[in-house]
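Read through the structures below before going on.
There are two complexes below, and they share subunit A, which is joined by subunit B in the first and by subunit C in the second.
Presenting the complex of A and B:
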């Protein structure tokens, strides 16, 4: 049984792709289709890694990211952001939220902009959790 | 009056009268003859002269004439003896104020003096009145001139062209602003041209009718039109004017012109800049959309590769599905782009708008159910069969209802019972109104402002940022308009007003509708 990786994405194509890459590389995938579901699964399953999209219905990746990174039980879980949104836009949105009074959060362990090659994704995961 | 010059050749009379007058409080100078009297008069100009008429040398008449010559205001009382009637008449002609007969009695003298005093007083008052009146007239004249100058300056310095005519339609005011617009120099217009010579027939007609006919319009609100300048240029202007009245009589017309050339030029430049910005946005947006699709295609081909390598039909199949889905997304995006970039005339045909709305609701029922959103229809049964472009209604409603469902899907308030309502209303005898409302996430003002711009999307992989842009374009091509009302957390309503024609009429185009 490999390490558990939680995939949170509303796009079925991305989910299938991520899940396949994970399985092919010996990890155990967990799947959530929106932020709300993702948060619950993260609490329940305590995954070793989260792969997270930015724009999703029912709680966006921006919010979920903050919640994971500020929860004392979950903040140690590394996160790979995988998104069509440019990294700097994501970081800016987090900075803006911090300026409006939210707790500042660290940058994600990795940020991948779509499109991503399977090899690149696999290498990034391996680098972070082995 | 208290200075008196007393002239008589008889020393006794001078002495007695002098004493009497001094006792009454007058300053009295005396002379025993005409020459001496005039010398004193020239030096001291007393207000009153009392002179004997018969004197050796210069007589009283001559003294009177000289005194009146020097100062016409001086009152002169003549002392006459018996038989001096002729001289007295002559003295009257030269302006003597009064006569007293010899021998001079105190009472008679007192009356003559009082009369003289009154005369002097009245004259003085008259002089004061006159002076004050003259001053007032001068001040009023200055004020009138100042105001008229001020108004003249106002008219001259106005940036707007101002042209006024008299009641005969002859141009009497033509300011530099008008000169700049029309091009004709001032001297060739004022008192030389009639309105018909300067204005386009359209404007001239308004003015001529207004001035000459009781039923003509008297006020012309601002409107955009154009004028023909001296060198034949058509110049876009804003025009307003009115017929001038005075005491119920028409007295002419005034018209104001604003030069729109600079504004139009700026508008064109802005449009150009916007177009360039739109091109930039289009490229960026297109790249973003393509990135998502590429990701799907890469994912798909990865699965297909795996499937082949491992002889795994299931992976092969799901990879191939992923590729097909993303080919589908590519073609949707390309079609939207084409729809947006191509001018298209609506094709009117007989249809039932309610049926189209119901069809769209049915088409999206499955998607709505998956997203836990209810779809409700509220269709106006009085909408008859009409002539419209059914494809436009279909595409527009499909886009709006899809958006409405997504707005619920993106709503983080999971306690809500989400609902999308599609409503139709017969607004008047040539417009149908379509409302698509949801109680989903709503929009901030920032989002609302950017709604109809290209590639603006808040929907992640679901949105290309083209739907609303395409919808608005189609609605406008159909001669209609689209509005939006939204409040964050409460929901959004999109409203489309589309004009229609009666069913069975010949096919027509939107152009015709717009003109109506």
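Presenting the complex of A and C:
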């Protein structure tokens, strides 16, 4: 079985695209449709990588990212942010939350702005988890 | 009844980002999370007779909404807020209710109903239907309506129009939670002229009785540190509430919503619905608790 990659995205087309790229490259995809589901699945399955959207129902990728990066059992899991939200806004939001008293978190292993080509996504995943 | 999460339902024409920004004073009293909702009504993606449904039209409408929401979300994320979004094809009220339940939202913000008089008579108003199907407070927001002014602080000076119903009593609890952003509340009751038959003495007695009940409500606000004043009006509730809002220079009208059956409201109307749809003032409607 290939390495487990958790895809967290509310858009079914994006989930399908990510799952196809993962399967074609020998990884095992896990799928969640919002931040809350993603958090539960990450705790249960301890994936090797998370591909995370930002703007989602129930819980955003901003909050899930913080939760993953501050959980002692999950913070080692690399995260690729894949979103229509600009990287600059993502980083600024994390900085603002840290200024409000939340724990500072490191930057993600990669940040890809949607839409992304299959080759670019596959190459980014390979670079991070092999 | 703290407002931690609000659902901002928009068709973009009537409620834009400027309207949303004017509601962000709610952050001072606990607002953390804004969820954008855009419902693409089925008629907009239906093709001409016999040709079915247009996927292309749906994609275009979805992506147009998505582009706006990304822009708004970036702005709110950068302020440290939590943001979510729904772009759904379906019926407006049904999808708003579903999103409000999924998100466990504390407040639903909508624009004025766009339906015409005849359509409302037969199909009902979106606002009436929404209030009948949810126990969440609904803010009918008119940010830049034709004859109104842009509001920077919509919660600063509300009038609470009470008819002593359970829903209007629930509105008191809701307003108490906003004490950090309310400067003054005007508590108003409109008495029916029919209540005032008899001698001048009898009429004055009725006024005194109403005033005493209003004073009690004001005391509960004052106990929370919110300045409040009572006002008695006589006449047609719809006209008098509007008059009171103007005289008090109110920024918002707050009312309990009617417990009347949906069909009764559709044919006979109701004061909260009429004010929500016709008044230039933003109107916050608090439904009774649904059992």
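What to note about this one:
The definition used in the following text is that the second predicted complex is superposed on the first by the 130 of 130 C-alpha atoms of A that agree within 3 Å, B and C clash if a C-alpha of one lies under 4 Å from a C-alpha of the other, contacts with A are read in each partner's own complex, and residues count from 1 in each chain.
Everything that follows uses one rule, which is that contacts are C-beta pairs under 8 Å (C-beta built on N, C-alpha and C of every residue); 3 or more make two chains touch, one makes a residue touch a chain.
The structure displayed is predicted, hence computed values, not measured ones.
With subunit A as the common reference, the superposed partners subunit B and subunit C clash.
Using the contact criterion defined above for the overlaid structures, shared-chain residue A:92 touches subunit C, although it does not reach subunit B.
In the superposition on chain A, A:117 contacts subunit B only, with no contact to subunit C.
Contact with subunit B, but none with subunit C, is seen for A:17 once the two complexes are overlaid on the shared chain. Of the two partner chains placed by superposition, subunit B and subunit C are both touched by A:84. Residue contacts after overlaying the shared chain place A:7 against neither subunit B nor subunit C. In the superposition on chain A, A:56 contacts both subunit B and subunit C. The larger set of touched subunit A residues comes from B, when the choice is between subunit B and subunit C.
After overlaying the two complexes on the shared chain, residue contacts for A:100 are found with subunit C alone; subunit B is out of touch. After superposition on chain A, the stretch of subunit C that runs into subunit B among 131-139, 149-157 or 185-193 is 131-139. Shared contact residues on subunit A (touching subunit B in one structure, subunit C in the other): 54-59, 63, 84. Those residues of subunit A that touch subunit B in the complex are listed here as 10-11, 13-14, 16-17, 20-21, 24, 36, 53-59, 63, 84, 113-118.
Considering their complex, residues 288, 291-292, 294-300, 302-303, 306, 315, 318, 322, 325-326, 406, 409-412, 414, 458-462 of subunit B touch subunit A. Across the complex, subunit C is touched by residues 54-60, 62-63, 84-86, 89-90, 92-93, 96-97, 99-100 of subunit A. Contact residues of subunit C toward subunit A in the complex are 35, 66, 69-70, 73-74, 77-80, 82-86, 99, 102-103.
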